[in-house]
Every structure is written in structure tokens, then in C-alpha cells.
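Just passing along the structure, written as C-alpha cells.
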Amino acid sequence: MFLAKVIGSIVVTQKTLSLQGKKLLILSPVSMHGDIVQNAEHVAVDDVGAGIGDLVLASHGNSAREVFRDDNRGIDCAIVGIIDGISNN
Amino acid sequence: MFLAKVIGSIVVTQKTLSLQGKKLLILSPVSMHGDIVQNAEHVAVDDVGAGIGDLVLASHGNSAREVFRDDNRGIDCAIVGIIDGISNN
Amino acid sequence: MFLAKVIGSIVVTQKTLSLQGKKLLILSPVSMHGDIVQNAEHVAVDDVGAGIGDLVLASHGNSAREVFRDDNRGIDCAIVGIIDGISNN
Amino acid sequence: MFLAKVIGSIVVTQKTLSLQGKKLLILSPVSMHGDIVQNAEHVAVDDVGAGIGDLVLASHGNSAREVFRDDNRGIDCAIVGIIDGISNN
Amino acid sequence: MFLAKVIGSIVVTQKTLSLQGKKLLILSPVSMHGDIVQNAEHVAVDDVGAGIGDLVLASHGNSAREVFRDDNRGIDCAIVGIIDGISNN
């Protein structure tokens, strides 16, 4: 999984069946110290009620897809947690 | 998933069975602000009727393959949406 | 798999069901000589009792998910070993 | 999928069972304009009769493996098409 | 698959169940001309009897895991061949 900040959302009217009714958010990966990795955005389906500005935990690939129990075809990135705090000890 | 712009198409006469009859488009990943990531093109199978110049949403890997219900072997990238708008709030 | 150092942990109250009760650690990939790759952190679920400062072996993707026999949806990175030593001959 | 040029082949006598009798070619990813991405070679199993110098379409991961119906374990890259032409309109 | 050189081995006493009794080698990806890609090491499970200094063929992800027929959870990289020669024509 990776640390990311929610920096936007997208509107997609014409989309594949399995994405209908799912919230699509834009993520920017961040370092442990909160530095944003530029030009490396991902679009993720939200599973935890995240919103713009939140620091989140996200998953890639099949693992992200399996988070969703209904029709999940096409999903390769998911927000799986909202981060409350980071500790280095 | 990732944001991308459709920048071309390819003609492939000799191809694996599962790609027969599928539209193959060249994508360039783009940042949230529309900047094209150079020399990082993907070739995707279109599922939503996208065309050259469209800003699209694309998926990778197994998740992309599963979008297609017929013989989908070999597909590792799919266009799953046409983006109408991006918002940062 | 990749070599990594455990550099932190995260607190995530609001998370997807399958991550409940699992220990989430922040990893920094390291080279064979112990040099940390900056700004490339991963968040992994621990399977071997690792802690901050440990040099570990970690897996990606489906392979990481399959390490966990209970509800493992969403997991795409796992700590699968604690490294005792590295040899170049 | 990605655009690539076939730049070599390898001889591998001692190999895992599932690679016996399969043609292994070295690919260099290329940009849409034919520029080779240096030091990023992949080794792929050929499914379409490609040869040295050909511009091809290649797939990654599970999707590449599934192209082959016989014992396909270990295969994570496949040549799935020979490109006749690229168009940007 | 990718070209790599075996540059080391690791000792891992405390590890996930499925890695017990498997040989873990450190790989450095190499270019077609033998140049080592620095700080990009992978740890792979050996399936072909490779040793330090060997030029090998390696696989990633699920494809690598499937090479092993016994308990293979956690494995995401495998050595699948020992390279005898590379040709560019």
C-alpha cells in the first residue's frame, strides 16, 4: 500500500459498467514526511469515505479490486484507510 | 487507474487471437493539470468509445483484462472512462 | 521481493474491513549495501513480528495478499522475513 | 500493453519447465515516435512470429501469461502483435 | 521477464511459512550489454540452481509465484533460467 493525499475528483459520465455509482478520487503519493510526489497521480475508488485533503492509505492492482464485493472489474486502485497519524518510533 | 490522453492508434494485422476485432489506442499519461508525461505511452483496448484527443481514465493489469467478458487474454490496459471534468475541491 | 528497512508505523482508525487488527508498518526500500531509497515508502502488513529499525524482506501484489489466510482483500504488500545477514559470495 | 522493438534473443539451456520450447526475445520499449528507452529491456515469449528488428506490441504480467494455453507458469511478458503502422489522427 | 545478475544471498531465519527451505538470492537487473542497474535489487527464489555471479532470467509477480507448485504464497520473483548467451541478430 502507499501513503497519498486526496487532491481532486473527476467527473466521468461515459464509463465502464463496473464503475457506475463509485466515487473516483485523484491521489498524489506522499512521502512519510508529507512531501507530494509530483506528476504521479492515481485515480482510486474510495471505500472509506475519504475527501479532498485527507491523508489516506491506498492499494494497487488486484488487491484493490478485491476490496469491492460487487462488480469490481476495471478497478486497480482503492482508498483503504484514512490516516490519523504517522510515527517513526 | 490513471489519467491519460489518447494520442494515437495502431494497426496490427498479425496479433494474438484475443485481440482480434478490438480497438487499440495509444495513451500518454497526463498529470492532473493536463501535462503529458513524455515517452511513457501505453497501448490500451477501448471499452467506452474513446477517440484521439480525448482525456480518459485507464486501468492496468488484471483489472483491465477483466473489463472484457469475451476472450480477454493478453489485455493489460483498458480505457474505462471518458473524463468530463477534473475538480480540486 | 525487495530489501527494506522498517521506518515507521501508521495509525488508521477508519479502514477497510480486511485491514482491521493488522499491523501496518512503513517500509523504505534499501539497496544491498543498506542505502535507503528516498521518497519510495511502502506500507506493508507484517507477518513475521518485525519492528521499527529492522531490515526486512517484503513482497508485492497478489503474492503479498496470499500470505494472509483470513480476509486479505486490499493487502498488496507484506513483510515476509526479518533479514539476519546479507552475503555477496 | 506497450510498444517495443525486438533487439535480441537469448539462449537459455537450463530453465524452468514451462519455458521449454518457447522463443525468448529481448525487447526495448519505444516511444510512439520510435525512440528507444535505454536500459529498460524486457524478455518476452513470442506468440506471433516476431523477429529481430520488428516493432511489436507486448503485454505484461498475468495478462501475458494467459496468452499461452499450455504450461505457462513463469511467463510475465508476451509479444502479442506485430505493428504495421502508428497513426496520430 | 528481465535479465539480471546474481549478486548475493540473504539469511532469513524468521520468515513466512511458505519461504521455509527456499533459496533466496539477490538480483541486480542488467541491460542487454551487461550493465548493472544500480540500487534496483530484487530478491528472488531460485528454481534452476543459479549461483552468485550467474547471468539469469527472472520473472515477476503472480507468474513468478506460479513457478512453485508447493506452498508459494509470498513469492513475487523467481529465477527461471540461466543465460548461456545473448544475441542481437
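So that you can tell them apart, the chains are marked A, B, C, D and E in the order they are listed, and the count of residues begins at 1 in each.
What we mean here is this: a residue touches a chain if its C-beta (ideal position, glycine included) is under 8 Å from a C-beta of that chain, and two chains touch if they have at least 3 such contacts.
Predicted model only: the values in this text are computed from it and were never measured.
Note on connectivity: the fewest chain-to-chain touch steps from subunit C to subunit E number 1. Subunit A and subunit E have CA centres that are 31 Å apart. Subunit A and subunit C have Cα centroids separated by 19 Å.
With touch defined as above, residues shared between interfaces to two or more other chains in subunit D number as follows: 61-62, 64. Passing around the ring starting with subunit A, then subunit C, and so on, the chain order reads A, C, E, D, B.
Interface of subunit E with subunit C (complex): residues 7-16, 18-19, 24, 26, 28, 38-39, 41-44, 52, 61-62, 64-65, 72-77. Per the touch definition, subunit D reaches subunit B in the complex via residues 1-3, 31-32, 35, 37, 47-49, 57, 59-64, 66-67, 78, 80-89.
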